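The following blocks contain the structures, represented as structure tokens.
Each of the next two complexes has chain A plus one more chain, namely chain B in the first and chain C in the second.
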Partner chain A sequence: MAGKIITIAIMDAPYESANSTSALRIVQSALQKGHGVNVFAYEGAVNLTMKAQQPHPNPVKGTSVEQEQHPTTKEWIAALFKLAQEKGAKLDWVNCGLCVDERGAGDWIEGPKRGGPKDFLEASLASDATLVIATK
Partner chain B sequence: MGKYVLIESRAPFDGPDSEQFYELAEGLAKRGNETTLFLIQNGVLPTRKRSRYNGMLSRLVESRVRVIADRFSLRERAIRSPLEAIIQADVDTLVDFILEPGTKTIWH
Partner chain C sequence: MPKILSIVETAYRATIEEQDDTVLWLSHMLKKAGADISILLRANAVNYAVKGQDASGIAFGEIKMARPPEIDKDVAQMIESGMAVFVVEEDIKDRGLPETELIPGIRKLNRHMIPHLLDQHDQVWHW
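And now, the complex of A and B:
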């Protein structure tokens, strides 16, 4: 059943909700199966790809950056772009431009592009399935 | 007859929404629709044995709702032996269901 297209809208900012993890797991699974994925990052989700994210130590546990191995969402998403390339599947990631401007989140990793709700609508109409993961 | 995938990410202990979502799944199934309820994140918590929602989940299964719990979410919450009526699966299965032609998917 490879070669289908799924469009996913996400809205949660990083490190706030398990929704982000679940969304990225679904994207990973679809790409692994050879499906194309469109992601529309809306509202706080535009921060997921920010280049300036840095891992941190944990002063409570007394662990260093290296020991903590703190994951960043930008690294996970960069890995998804790499997976798409390896699988020959398309990952189209659109960050909502107005949401980006509001948050000053315009410096992101290689891969995502700027767009708007129109892109989500068009992607959805051209997809086999659409999933909207709204914030609580 | 339609196909529906309802994804429940919340626990019913947090508010009345989840119970209404279960009722939506039951209603869809009773009207002859192929209905899957995929429990993920805290949505898997009521699958723990002796939860007050065990009866509700069993009733959904009896109503021909396919109730699936995400293995990853179960592991995170130390639910090693969930309610027997519940199917355990990974998001790979969820992706397959979502991409079945004519399927409508709702996330809660």
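And now, the complex of A and C:
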């Protein structure tokens, strides 16, 4: 059963919707089973991997940054790249270049690469299944 | 080449900021890249099937929008490029959109035919 390839297109910016977490959970689940995953980050989703993300304290709860222990989405995604390596699975993450440019989101963590719609098409055609998680 | 159906139902999401509907734009780019891709407009997105829309005029301070979105023209170009663009007939009627104002080449589809349309495609992307 391992060795399948799935392609997922995502659109939501971080911290706006449960879609982002759901998508990353699907990616994780697939990687844990040894499947390959192609992610096409479109529109706001290109912000998920921005290096400049910073955790913050929580003044409502009175917790410091350290106490809050709140990973940013870039950390989750870095962890998924590490997981892929550990499982011998391939995680390919493409940030849509034009979306990156208009959002100033070009400084990202190690792992993702710049691409475009053609990458999404090629990944989808080479996959066993494609899932689109759109923003509304 | 697998047949892809892109279903679009949200309308005018960030179309002023983007000067496009980004899902229609993506679909058209995929067509240019060789995809066999069709569009189904449903729910509020059926508004995209109406010709003669004008989103011009917005300005923030000195910055005027020089190139407003022209989604009806984008849809017409997609049809001209050979893409099938379907629209759910009941959604058109529910919104009181005049059928005489629909973009030429739009293919109307009764709701009960949607499963049949899905069945004709290898991949269905629901945006």
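Just so it is clear, the second predicted complex is superposed on the first by the 136 of 136 C-alpha atoms of A that agree within 3 Å, B and C clash if a C-alpha of one lies under 4 Å from a C-alpha of the other, contacts with A are read in each partner's own complex, and residues count from 1 in each chain.
Keep this in mind: a residue touches a chain if its C-beta (ideal position, glycine included) is under 8 Å from a C-beta of that chain, and two chains touch if they have at least 3 such contacts.
Please read all numbers here as calculations on a predicted model, not as lab measurements.
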item	value
Clash or fit, chain B versus chain C on superposed chain A	fit
Partner chain in contact with A:90 - chain B first, chain C second, else both or neither	neither
Partner contacting more residues of chain A (chain B vs chain C)	B
Touched partner set for A:19, first chain B, second chain C, both or neither	first
Contacts of A:135 with chain B and chain C, given as first, second, both or neither	second
Chain B versus chain C as contact partner of A:125, first or second or both or neither	second
Which superposed partner A:117 touches (first chain B, second chain C, both, neither)	second
Contacts of A:42 with chain B and chain C, given as first, second, both or neither	second
Least Cα gap, in Å, left between chain B and chain C after the two complexes are fitted on chain A	6
Touching both chain B and chain C, residues of chain A	130, 132, 134, 136
Parts of chain A lying in touch with chain B, wherever the complex brings them together	1, 4, 6, 18-19, 22, 25-26, 29-30, 32-33, 35, 128-134, 136
Complex contacts: residues of chain B adjacent to chain A	7, 9-10, 40-42, 72, 90-92, 94-96, 98-99, 101, 103, 105, 107
Residue numbers on chain A that touch chain C, as the complex places them	9, 42-43, 116-118, 120-121, 124-125, 130, 132, 134-136
Residues of chain C that touch chain A when the two form their complex	1-2, 4, 10, 13, 22-23, 26, 29-30, 33-35, 123, 125-127
